[in-house]
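One structure coming up, written as structure tokens, with questions to follow.
Chain IDs A, B, C, D, E and F follow the sequence of writing; residue 1 opens each chain.
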């Protein structure tokens, strides 16, 4: 597992403002470190469903949205990523052809080499599968030359689902473990940009350790892997294409 | 998908003498072309279950085994692989601790970087899952320092199931498509070393085309892929470990 | 399995007026017998899809709805439950944010300790999964302090799917068998409140016997269980939380 | 497997104009050959998502739709089938109660004895599952006497999913293999009515061979089956009902 | 669903002496009524695991085996079937190459057109899956010309799993419902040949009613089906091969 | 979730000497705290596969077995459990009727109210599923009055699979979360009795935290649950039987 050269843009499509940090900050920081464009699209701010503390403190809707936006922008900056907010509302995030069309335009603009999004099942949060369904639908539409949107037809970039909060309940069986040891410090700093969810910092630090232990167990002769290996887990949706089994 | 440097030995464990040709000749030829050691272990010759024509011609058991052996050796030579026959009998291939122990010793000797074997389900051929179960068990045993066999404890090489004859009935959902275009001629020649199964030559040539079409559909912007791309399909058993999503 | 003290309100969300009787009358009667509030919400009357006899007799839509309502109210009274009809139409029951919002308000009002609804798969009746999806979505929304509806944010009450008409075809694999022997007479009487579906009375009486036999087979040393044990089957959606394995 | 007498109308519901040719032309030609009515309903022309060549040639939307229509009509004529286009748009095919209602009316009119449609999963094409969901929902609605549409309530015709382009990725595990040898020439001619997709002619000819080989392997004592048996694969959704196991 | 002409021998392979009665008596009686040979092979008498009453009455092993044998022979005679006991012992039924070989010889002798056996999963009774595994393995071996046993190589007869006692827990999702109305009287009489399990008579009579109701729901326009339709449920293991979808 | 009275013996069947500590120490300590008998049966010491450090230090087989035994006995004592070693060998743990028979005798002696064992799938360790298969088979055999072993026929105690090292890869989807907060100190102390696996202490402490967070998310109104809730996860094999949904 050697260092990698640039391999093309990374696109992350998430339901709420904080998701990309807990679930994919390592992948994002790795892309940025390689010099690849990394773009995060948040369909909503998570203003209703993921901001319990702010509501308990009596904050109001617009204030909460601004707060979430600021935090997410700080985290994205920490990781070296662009971020865009579609402000489509959460709890529920309502699917619509218009919203899918906006995502098609993002695909045509970014021309991602890799796409990350939520799992298609999540019995704890209906917004997550809704975001995933739209992300997948838009990816297919963007491939059609006949779809009326600016830009060239998209290739067929691979899609990876990032890890949900309770993986087994979401039928999340990881088939890719990504070594994020070299950028874990940046992931931790990005997490610390989200002070309202301070209890998550350690939860996801522990998870990175746990996935790191598993990576070492699956890495074959792992002589080069350090004791404190950190990892993120993903599920690859489409078959991997390759010229070499490894 | 660029050319690859040497990445370590390939070990293929199959139930019968011909399996490695139909199901994995492309992967084997690619490894040999990279300069990697490729070793095929056949648990039996397929003398009873896979030699219908020879039986109909009135040949006898030892004659059939020799015939199968000769053909398989020729095919392996065509691919640049070593081949070893354990002559454990087929139809049924009976699992035993002794046979597993022999496989442990093969693992300790070859120290494979990649392992190929049958699927764990195959309602048409009980020898295939039996071979797979023993291949997997031996791989785990070979990792234990306390297991009493020569050589060093094995790392944890990735395992890929190669494609069975009726994939859907064997719950074979490919998650890796391997581009074998550059070595397909050698696969065809290896198939032609098995004249008793001439009806399979075109069947598996067609399959390579079919998997090639699918590879192109899953390969993202596939500008570089030729019209006649050829592929083999595999199922990866353990999570992929990587430093880059792609 | 001893008698139980009050454990909080039971909420049943169903697509049509009769569903709660065939599928959950025992659970409802048990709750009422414990002194717990039991509330049934019928999204429709089942006026188009579940009233074949009335249509064949030439009755008209409003008449059929009134008839179904009267019958369901009688059955609910027999069981000791409240009942509310949202009159959202059936065949098809159309999902909408407005209907989900009405359910959120029910959740906030009832504050259920337990929720019952349909399975998420039913190839014989699309209204059932539609009801289940809305029931589950509303439950999650009701937990968010930021969701704009009266009342306090909901806890996370357990959800149980009740038994569909052809369980295997709906991927219904029961993981809870509820002993309803003590209230089976009330279930039978509630069924008899639905004269238009007289052929179902024995069908669901036989089912209660069948599930009762299975309960005894799964109940460990079942010395205390009577010969005529009656049961209802459920699928628990979320993990059980407990202080004791049993 | 003897010749069959008339067994009632066949209804094929597909997303795009070409689908019925690649996936079900054999089943259609067999029905026509038996003297049964065969009706194909195309929800769209596939004008945006399945007409890449025409778009690259600079054709315009209406022109493309007309082209696709003409080709599909020629193919249907070759097979002896009626064809109707609902022109509901593709990429995306948007589900709506109105479109479902149109399908209900088709069901009530055709009174099919057998229904064919897409699989419920297809990660490469969201229109396919959308068509399947509407086809299945309309079938259930058409069975309800209370559903307000002309004609008699439908019986419960069996439903078969036809084969998607990448079957394993769509969880397509065939449980029916249909012998189309006697009509394969007509299927090939129908394919040749679609010149824009000439690369598919051989792909689906090869597939028919492949499924034919599998049919022979599953056909018991297959003395009567010719060497060049051709087949189409299907997944039966509901249980088969029969008076004889075979 | 018309009356059927002879279609070849039926072979039923079961773990214990009584299984064929509860699970497949209807299919057996239908075959006999068509004039087909029907042969039941019982791997054991069920002397330890299925004879609780006899043990409680103080009977001894040989006596119990004789009792079970007499009852099963009477039931088979009632159905018009041959029966053979391999007396391999139960609780546990131990798998062995020798026992599989005996089954191969049965296959070669009977040349079945249809095979019935247990499901591959049954968490309540390990003998059932053991019997199924051996039945399936022997069927594959009997197809090989190279397998050393008298008779001709077997074709590839379809296999159906019959219904276990708790179907959902055994992952039994019926895909065939067999109309046994015309022979249900004989099934009941065969059940009554097993007085030690009198509590099962009504349980399986109720089940036949239940499966009959389901058959009618899946039978399309079912004008000809009587109110008291009786059915048995099966799972078909291999794809159905046919010349007509129905 | 209130404190519990005695509910009967707990039986834990594991492959190796340390498994019960990492995977079930909380459940064991809870049982002991209630005054219930808790018995651990270790089929082997894990002398070959789970003692890498000792082998690297040059220790010999008998020494390693004694070491593992001493450690496990200390851990069991810490938890208040009995422990028995069957010394059947590991890597591989070979299944045999004799070993199953020994387990039947344990069941008949302990008469467990609850049984814990490994999952049936574990691609990292074949001994774990082998232990689980024997534990399940013996449980069924022990229920048969005709099985020749001392003691009374067993009831049908519920079985729970405890958590494997890489849960998702073992298809472990928890459906029971057990609150072990009150006994977590004892679990930690029991872990510390196993100094050779010091890297596991924190791994499983972190896991208990993680499962604790999940328990709180699934516990409904969880006002009473402390911030540092600790939990163990289990999969219940058979349906829960109950008189109350909760």
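The rule we apply is simple: a contact is a pair of C-beta atoms (placed from the backbone, for glycine too) under 8 Å apart; a residue touches a chain by one contact, two chains touch by 3 or more.
Protein identities per chain, from UniProt: A, B, C, D, E, F = PIG-L family deacetylase.
Only a predicted model underlies this, so the values are computations on that prediction, with no experimental measurement involved.
Enquirer: From chain B (PIG-L family deacetylase), count the fewest steps through touching chains until chain F (PIG-L family deacetylase) is reached.
Expert: Graph distance in the chain contact network comes out at 1.
Enquirer: Pick the pair with more C-beta contacts: D-E or E-F?
Expert: Output for the comparison: D-E.
Enquirer: I need the pair from C-E, A-B or E-F whose contacts repeat those of B-F. Over half of the residue-number contact pairs should coincide.
Expert: Matching more than half of the contact pairs of B-F: E-F.
Enquirer: Sort the other chains by how far their Cα centres are from that of chain D (PIG-L family deacetylase) and give me the top one.
Expert: F
Enquirer: Which chain lies the greatest distance away from chain B (PIG-L family deacetylase) when centres are computed from Cα atoms alone?
Expert: Centroid comparison gives C as the farthest chain from chain B (PIG-L family deacetylase).
Enquirer: Using mean CA coordinates as chain centres, what's the gap between chain A (PIG-L family deacetylase) and chain C (PIG-L family deacetylase) in Å?
Expert: 38
Enquirer: Between chain D (PIG-L family deacetylase) and chain F (PIG-L family deacetylase), what distance separates the C-alpha centroids? Give it in angstrom.
Expert: Each chain reduced to its C-alpha mean, chain D (PIG-L family deacetylase) and chain F (PIG-L family deacetylase) end up 52 Å apart.
Enquirer: Would you pick out the residues of chain A (PIG-L family deacetylase) that each touch at least 2 other chains?
Expert: In chain A (PIG-L family deacetylase), 124, 169, 174, 214, 217, 238-239 touch at least two other chains.
Enquirer: When you draw the chains as points and link the ones that touch, which shape shows up: line, ring, star, complete, or other?
Expert: Graph shape here is other: it fits none of the named patterns.
Enquirer: Go through the chains and record each pair that touches.
Expert: A-B, A-C, A-D, A-F, B-D, B-E, B-F, C-D, C-E, C-F, D-E, E-F
Enquirer: Considering the complex alone, what residue numbers of chain F (PIG-L family deacetylase) touch chain B (PIG-L family deacetylase)?
Expert: 47-49, 51-52, 55-56, 61, 64, 91-92, 94, 123-126, 169
Enquirer: Which of the residues in chain B (PIG-L family deacetylase) come into contact with chain D (PIG-L family deacetylase) in the complex?
Expert: It comes out as residues 124, 165-169, 171-174, 203, 206-207, 209-210, 213-214, 217.
Enquirer: If we count contacts the way the header does, which residues on chain D (PIG-L family deacetylase) are in touch with chain E (PIG-L family deacetylase) in the complex?
Expert: Touch residues, chain D (PIG-L family deacetylase) against chain E (PIG-L family deacetylase): 1-4, 7, 10, 27, 30, 34, 113-114, 116, 155-158, 160, 174-179, 214-215, 217-222, 233-234, 236, 238-246.
Enquirer: Can you tell me which positions in chain C (PIG-L family deacetylase) touch chain A (PIG-L family deacetylase) when the two form their complex?
Expert: That would be residues 97, 100, 136-137, 140-141, 144-148, 153, 237-239 of chain C (PIG-L family deacetylase).
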